[in-house]
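Quick heads-up: structures coming right below.
In the two complexes below, chain A is the common chain; its partner is chain B in one and chain C in the other.
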Partner chain A sequence: MASRYLIAVSIALVVVSLSFAVAYGALGASVPLEGLRSLARAYVTLAYAPWNRTLTVMSPEAVTSIVWDFRGVDTFFETAVLFGAIIGTVTLFRGIKPSARIGEGLSAIARSAAAVTAPMILAVAAAIALHGHLTPGGGFQGGATAAVVALVILVTFSLGYLVSGLSKERALMLRSAGLLGIAAVALIPPILGGIVFQNQAKELSQFSYPAYIGGALTSGSLLFYNLFESLAVAAGLTLTIMLLLSPHEVVEEAVRGEDHERI
Partner chain B sequence: MAIDPYLIGRFVGAVIVLVGAFYDLTGSIGMLRFPNFFTRLHAATVGAIGGSVLPMLGVSIYAASEPALGEYRWFMAGASAVAALIILIVAPAGTHVLARAAYRSGTAPKEPCTYDAGKEGGEC
Partner chain C sequence: MIDIEVFIKTFIVLALFGTAGVGLYGVVAKPHATKKIISLTILGDTVNALAILLGYRYPGGIPPVYTGQPPNEFVGRAVDPLPQALVLTAIVIGMAVNLLIIYIALQTYRLYGTLDTRLIKKLRG
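What follows is the complex of A and B.
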């Protein structure tokens, strides 16, 4: 009994002392501007530098600048690996149609709460993805948040309800559209005389995506990359969730059919 | 002497945050003292609604009446109010789902039991 109270009191003490420490700056400044290595210094100082238009990304978010501009090819490869994994899942689950039978789902209270919160989650996902060049977040994070909506609908309503709104083929189409969008944004510069994955104008090539659209900072290609990446990730993760949670009977039937052919 | 309306707002906000701290304390004592899953779930919900929705509304009022924060106080006030609203919708639904699942699967022991609303006549 006494140990229970000891645990409760020590957790409370840790929380209170940590919040005091953070509030009074015991963890130091959030961005270390001293003693940086030269590469890190370049990333931090060039992310948003309108006075240096041939080297900057025009995005105040250093992480997104690194992810989609300084090291854009690296991120494209990561995205391709993720989509390879999703294509592998789709291939393994070929011939399996997620059942369109609409189940009862959870209680009316849970369903109404999900119906109210699902659009809110989508709004947060859109904000994370489309503000990825301004605030922490980005296409992958936004897309993963949007996929939560599919999971919530699947659990509270039923798999059939989700499939009736977003079929396997449509999810595949959206995922491919997102990947094609990323490829298009990366390949438009070389077509127009720039470099692959170019964002802002460089000394060697004058091609530049618009840094401002209608007066709002869009950081050139970063907004488009985040938009398409979120679309592709949301559709891809939803597709994987839909396939992995297919009912046992449906999967078994598809597998049994193949067995019979072999015999 | 004229009373500063901002001062009243800050006072009300701080009092609401303190009331929220009281709910959090009672919720945690209930978490430790209550005998079974369902009663402890009740204590957790006291902590979620009284202990986070209420203080967040208090923070919203406090931030809105603190001119030293400048224009950004409206961002803080709005974000706190919206977060409070979302927790107000989500926390009871989550508790409901947990309680329903535990009751229907029979995995959580009901003893000590005085009234069982899921049974005919409330008999345990």
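What follows is the complex of A and C.
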């Protein structure tokens, strides 16, 4: 018990001293910053700069420019890590079959409200994902919002109702289609004489995705990356929700496995 | 009327490190693995919020989204977009790591029948 107090007191000391140090410039800069660091200045300046066509991303949203252009390979492997985690979950729950029995769900009032709001949430998710290159948001945020619809349907209707519309295999297929789309958008430039993950034309490589389609600003590859990423994330998270919220008895039986029976 | 700079320097930084401290305490001192996992997510999210704070700037502090103002004015006021992009990555990686930890916890429960680290420590074989 005494060790617990010792831990608490030492953590409190660390908290106070660290916050004092950070507030007075221990990180080399004061909090909040007064100006931008030179790297951040370059990102903000070049995100949307039609007057500098060989360096710009042509997206007014600096964060999405960094995520899918300046540091695109970084995001690609981040997506790969997420995919690995979801594959791990599916492997762990391989014995579980989400039951197709359609339950009663909540009351008629709750079900009607869910039926009205679910398409609205989907519309908001699509807006977040498809406008990711213009306004704050992007593929991951849009996909996570779309996965909320699955959660709402699961709670108000039933797991069986969700599974009857979107089975485990179909969700995994959608997820893979999204990832293949991302890979295709990344690999089209080298096939046509550009660099991997290239978006706009550069000095040494003239390949360029169209910055405008039909007069609308699409920021080249950013729109496609956001579209496919939202598809992959929405399907992946729906799959995880579906598996993790399976009935208790089914999960327990699968989680116990064979070792437990031998004992 | 309190100055926003003083407010950030005193209250927000202290609150963020305080929350991180609570998370750290939970990871170190709580015996049950589920509570350790919850504390770890609190710790991770607080560190993300701290990274966002480090990108904030004052005076200025508008979002890094170009809305058609003169470019010089935009660069002169926009916050640092790099921490925001890195936090987006960190959230996704954090979710993947949490899934992996939950997997390990489930495997532990499957093998030992408990998630209490005090009991797991005493088990042999």
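Definition applied: the second predicted complex is superposed on the first by the 217 of 263 C-alpha atoms of A that agree within 3 Å, B and C clash if a C-alpha of one lies under 4 Å from a C-alpha of the other, contacts with A are read in each partner's own complex, and residues count from 1 in each chain.
We adopt the following convention: a residue touches a chain if its C-beta (ideal position, glycine included) is under 8 Å from a C-beta of that chain, and two chains touch if they have at least 3 such contacts.
What you are looking at is a predicted structure, and each value in this text was computed from that prediction instead of being measured.
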Touched partner set for A:A49, first chain B, second chain C, both or neither: second
Chain B versus chain C as contact partner of A:A8, first or second or both or neither: both
Which superposed partner A:V73 touches (first chain B, second chain C, both, neither): neither
Touched partner set for A:L192, first chain B, second chain C, both or neither: neither
Touching partner for A:L180 - first (chain B), second (chain C), both, neither: neither
Touching partner for A:I213 - first (chain B), second (chain C), both, neither: neither
Contact breadth on chain A, by residue count: chain C or chain B: C
Residues of chain A at both interfaces, chain B in one complex, chain C in the other: 4, 8, 12
Complex interface listing, chain B residues touching chain A: 28, 32, 86, 89-90, 92-93, 96-97, 100
Chain A residues touching chain B - in the complex, by the definition given at the top: 4-5, 8, 12, 106-107, 109-110, 112-114, 116-117, 120
Interface residues, chain C side, partner chain A - complex: 5, 8-10, 13-14, 16-18, 20-21, 24-25, 28-29, 53-59, 61, 63-67, 71, 74-75, 78, 80-82, 84-85, 88-89, 92-93, 95-97, 99-100, 103, 106-107, 109-111, 113
Interface residues, chain A side, partner chain C - complex: 4, 7-8, 11-12, 14-16, 18-19, 22-24, 27, 29, 31-37, 39-41, 43-45, 47-49, 60-63, 65-67, 71, 74-75, 78-79, 81-82, 84-86, 88-89, 92, 135-136, 138, 140, 240, 255-257, 259-260
